[in-house]
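The following pair of complexes shares a single chain, subunit A, combined with subunit B in the former and subunit C in the latter.
Showing the complex of A and B:
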């Protein structure tokens, strides 16, 4: 039960504030109040203004905080509630910091709370901040082990700085080589933190909802030049069922029974790495058309890339796609044909009639028919984020009345028209475009890049992509979404500040791209290191095996440990091992700092007697030490060893207590002289 | 018994100090030397009190003393004795020389020839003398206190190293401090004071003291320090040659006696430091000036270089 120094108490306060500060962004207001109030209260106690609180006050605080947590989180045991509980406990413990034991509890929990920061934020800035906070906690940990009489704030800081510096290489080795294991248990994630993204149904207005958000969807890194903007079709989902209002995917059992589609002609391969943000959904993205599925994922229904589990963390994978391709034109099976010709029995009669008319005019050939539809769109249709609401026969209304729509409207209408004349067709959902970052060579695709287009089947060429939006608004495909929508008030309405951020020119945009490039590397190489680790290790070690992995892990760690051990042992050799000699060494060092230097020919007892004469404050323990040392060292009286040990201890304590007194007197004497 | 011995020795010390004013350290060193069963060499200019010290020691220790003034024409027989034909008995009879005593004061030993010096050598080392093929044992205890003039003085035969090594200690008295000298000049006749010295120890007590001194405890730490001191004289470039094992033993013997005189039953490094200069000063030579005996300078260097704590 050792008391900690006053400087150490201050370090506890600083450490506490450092670890809870990043959580202020989401903590309930009353908990933030507690986090500010607790250190303030402890500071008042520290200053001697207030006494330590009575146990009844502490009890009341515990009850109040428990009640507050129950009310705020309503029996939710999610991540936020757990961390809030930890923070609350930390704040309450803060108040009663006095003994080393209390400080240890506080600091160990503080380390844990510092780590939980990463559950909420993962940017470089936060990582650097948490490193800093870690340094503060280590310093606080150091400070509680220094002499309670010492009040130097800087000493523990210097010491922990040294410690962290020495542990840096170990940290790097462990980061590079420690195998990333899947989580042993999972934390229930918060429901409200659901993110926006493509959904598995598409009603006409659906996709325009996404354009309200500039949230990152994914990034794709290219080693060479990226594909042209008009080729950046990121395929994600295929909608094949139309119920008269919305397009949906076939149920899982239906999809599973469909035959695979094969590529028969392929050129312009491009290989890239996708860093995909967590979406809580199972579908991924790939450029039209992916060649084969990357490791861990598979190529599913209608050549879309899927994961077997919902993507709940950032993942990355490498894909090769063929920008020029031809799919096998083998006759569709009956089941498939029925699937891609499905339409509601009735409804949208005007559209069906128009389609029939065009189909005859096109002499029942799909290409002229599609051209006809696109020409029609090029007429007085407009491309907007805020189309009027549609009711009843939505296709008819869109084609003949409102004539305003987003990509979903056009794609849905085209697919409907094609199906109504007997051409198999489907709507493809995904993203189109992406912003090129020249510094790191990657495309950034945000939620507002979400897009929908159409694929129809023709006997000669298989499935062919056609994007009706390109006919209405060529800029959307050639340029980027943010340029097209810049004037539209609905665009990015959820994050108004983002409009400023997304300017294309000027130094601000330049700066933003550079910052994004750094962040991209951070995500790719640090947060998502998991994937690269295996590649890196393979590159270093060749074919991976258990033995090699273990050796690669143990090698550097053993090397570092050996170096540390060597330093320690070398130190040990210089430093005597028994407590008496060690204590005497410390005493001599301390006296030397005070200006008392032993002459080589001066035996210890004589030196101590000389110092005792000069420093009457500590004369008594020094003289006792001198006598005991002589008795043990020269008279070799074994009975005196215990006396000597206690004399050493007493002397150390006396010197520590009187350091400043002796120092001051010596200074005075110097000045007097 | 021990107390009686200690007080006897203390009495002897203080009595001698009254004769040799202000020479406490030299008196104590001389006593240390004799109690360590060693011979003493006093090197100083004439008239500094060498003879007074020797006589005083003999008196307080209750020893039968003889004085021989060495001259350049002296023969060994003048010290050892001579066999003379007696007409009455018709045979040779050995007439013992001045060496047959308990304390021999050999004044100005470096005035005489090496031949005579070496005759004394046997007496000092073996405790016996040989004349005409017969060995005669000397009484016990047997001490030699030799005085010599500084070697630079005219008409001297410097003692060879081997002979210097027989002396346990070499000390010099030096001029008295001014106030002591005033007291000396104002005071009475030295001769009278010398005669007034009491006899403080009996011969058997002296032997007992000597045996007690040999039993003073020397700890590993002290032995270690002593060995490092000697080793340093052998390793350092300052010394032309180092201290011999005999020198080391001499050092330990004197330090033990010094500790006993302090009333301690164990050695401390200070004991060694106190007797270091008298014991090894005449056993080492500086490398840069082999002819001189710059013992004090070397010893100071030695003390500064060798750490007591190792």
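Showing the complex of A and C:
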């Protein structure tokens, strides 16, 4: 068993710490303690203060750690339990590290643990850090294969730096070209507990919960200008069932296919790419109204975009939407009509009565009726995040008593009123608005942009969108949620610090947008590089085939290897820094090419004199050089160095000028002979 | 190719070595180039590949691009380290110097000179004969190093240490680059000097010590002669040297009344090796005492004499006795 050097032991310690550090964010406290204690113990052994622990101590540690792991993690904790186990194993191995084989096991496991960091965190900072940690592990790996007497800590660092630097281009090629295939089997990550986001029921006040969070919902990149703020309705869910208090979806609706909701476009299409954050739910977003479903996803019930499995990782997709449209202007089927007219048998009688009254006044036409409701809202209704709680006949209470509400209250009430007079209506849940990032051309939509609005159906016109919130608080639709609620204490109450970064103007906001733009590109081009891969490859290679893919990967890899081989095997001697010896080297090389070979034992001046006889064209400077060389070498007169330098220069020039002449003469002489 | 040997592929490994040796003529100076350097993953290199596979599975299953990047960086590192391991041997120049003769049962040393490739470092080079200890060295600060690589000498006669194996696992231990070099070096292995009594037929009658005093007593100091290289330090007139008179050698003329013969025929009993061991011991003993002696072996006679050359001729005759013609 080979022992490793003291420098190598220190590198093992550094590598261990570097690798486990990012996991401290989620590891149980006792494991963190072990991760700090083990290297400290090994350091004491390293310093010669303590001996290696007795086997009984090691056994006790193993038992304690196993017990701790069994108590902390259970069967369902999946990957994090595995990583915790590996980290615990690393820490224990750390203590007894002494031989090369121990170190090898430690470092290989450390590499794996470093890679698992990405299952928990994926920011640019973490990525850079983990690559750095990888560098440290490789340094440690190099250090155990060095001379056990070698204690220069820097030497392995330089070597691994060179190794990794040369590996980067090949990594890039592999990253770009290696085909991404879907998961072979599915292992859900346990760390992502339920995230905030829209849910499939909407009770009054449900959405205002979301405004407490500034968590990212999704981002949408536009190649051209984004739609106007008043057109940014991101459709996500449609609620069609009302039980007197909550709006819900029927269970079958979740799996339903898009049926007869035909879309007639009345404007030019807008195409955009959505980078959707993991929500653990099936629904996605699209601007009102999506034309066709993107690859891998489908248009479901009521023209909402859905995924077949819960979105448990960040995804991106490209959609085309028509902002001006007619949606199923034909007659509504009886079944659907019944669905969108459903109301509880009784309850909210005052609201029903008021609706009847307005319906008659509007001469049974939906449009004036809606205007009447909106006018009513414009009266003394207010838009607030913290409306009073509602009991019993919630619609009645809201319309006639509290008159305070969030978007859900207004949308729910409007849909109720419409249905009660026989106009098919439904509540649409989604997001409204988004912050435009001018640097990368995308909209950022956060959870506090969650919104609800209403669609009602009229013959000939089809489904029409109406947003009652716009009547109560036009700023909410024209501007953004954070402007409207900036003063409301309930807004962003979960992340109070987020308020600080919310300014819309000033250099701080500018800086924030720039940072977000970088992050956006990171998500789009690195973390979610997948969809773009095929486009990129098609652009580069034309029609894709297996052969082309393999060639495309082999070509650059071969080039890189050739470059590395050249760099690794080249002569790393520096050219002489002294101008005299540099000049002399050039002169000797040039003469050699002319066929004048200097014998190993021949003094320079004698050689030069010999050449001068054979080549009268350059005899003068050669003789001068010979003289100067003799003077410097034998008289040891440092004052002559300048003379020598000028002689070298003159000789170089003369040779450069006369090369062809000498060459020709020598050739002639040969021919003559 | 330790893993190969463990897998029962020793025969293949041996054949490969034969083949690789047969491709290059024996030479006293060898520069390692790509056609004589072999490189294969080590056991831990295969372990690394397993790790890469696990990471790739993780990347695929979690559809995690950063894990892909991490995996690809390690995969590239794996490939690049081939070049580094190869580069650690390539360009290295080996000059074969000489073999040092030794006695049976000892280790014969073989002197080798290693020259670094111009402008490059070589770390953790391991040199080894077929048998014998492995020697690991760095060629970093100095451009050239001379090493003595030993090989056990189990038998008398010419020792052929076999091909030299020069290998390295630097820098990451993922690959092992190696080469086989037929150095053509040999060393002569003398019989093991076994102390024993000088048989009666010789000069030292009974007791060693008596013989010693007697023999020394017969030396007569003749004067000084100029120093010449090769003279044993015991003969140098150190006193004169200390006085600053230069190096001189004390001349002794032994008054040899009866010539000393180490005679195979008269040597008492024992097997061939035991007899040779005994004679060898006395060859060394007489040489230290500068006592002239002659050696008589079946088919070989060395007339009495002294000096280093005389001793070596005697030892060589003993070493090769019965092995081949001297």
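Simple rule for what comes next: the second predicted complex is superposed on the first by the 536 of 673 C-alpha atoms of A that agree within 3 Å, B and C clash if a C-alpha of one lies under 4 Å from a C-alpha of the other, contacts with A are read in each partner's own complex, and residues count from 1 in each chain.
The definition used in the following text is that contacts are C-beta pairs under 8 Å (C-beta built on N, C-alpha and C of every residue); 3 or more make two chains touch, one makes a residue touch a chain.
Predicted model only: the values in this text are computed from it and were never measured.
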Which superposed partner A:527 touches (first subunit B, second subunit C, both, neither): second
If touched residues of subunit A are counted for subunit B and for subunit C, the larger one: C
Subunit B versus subunit C as contact partner of A:630, first or second or both or neither: first
First, second, both or neither for A:604, with subunit B first and subunit C second: first
Which superposed partner A:62 touches (first subunit B, second subunit C, both, neither): neither
Subunit B versus subunit C as contact partner of A:132, first or second or both or neither: neither
Interfacial residue positions of subunit A with respect to subunit C in the complex: 100, 104, 108, 111-112, 114-116, 118-119, 122, 127, 130-131, 134, 138, 141-142, 144-147, 150, 159-160, 163-164, 166-171, 174-175, 178, 180-187, 189, 313, 526-530, 557, 561, 564-565, 568-573
In the complex, subunit B residues that touch subunit A: 217, 219-222, 265-270, 273, 303-309
Residue ranges of subunit C in contact with subunit A within the complex: 44, 47-48, 51, 54-55, 57-58, 60-77, 79-81, 83-84, 87, 90-91, 117-120, 123-124, 136, 138, 169-173
Residues on subunit A engaged by subunit B in the complex (per definition of touch): 599-606, 630, 633-636
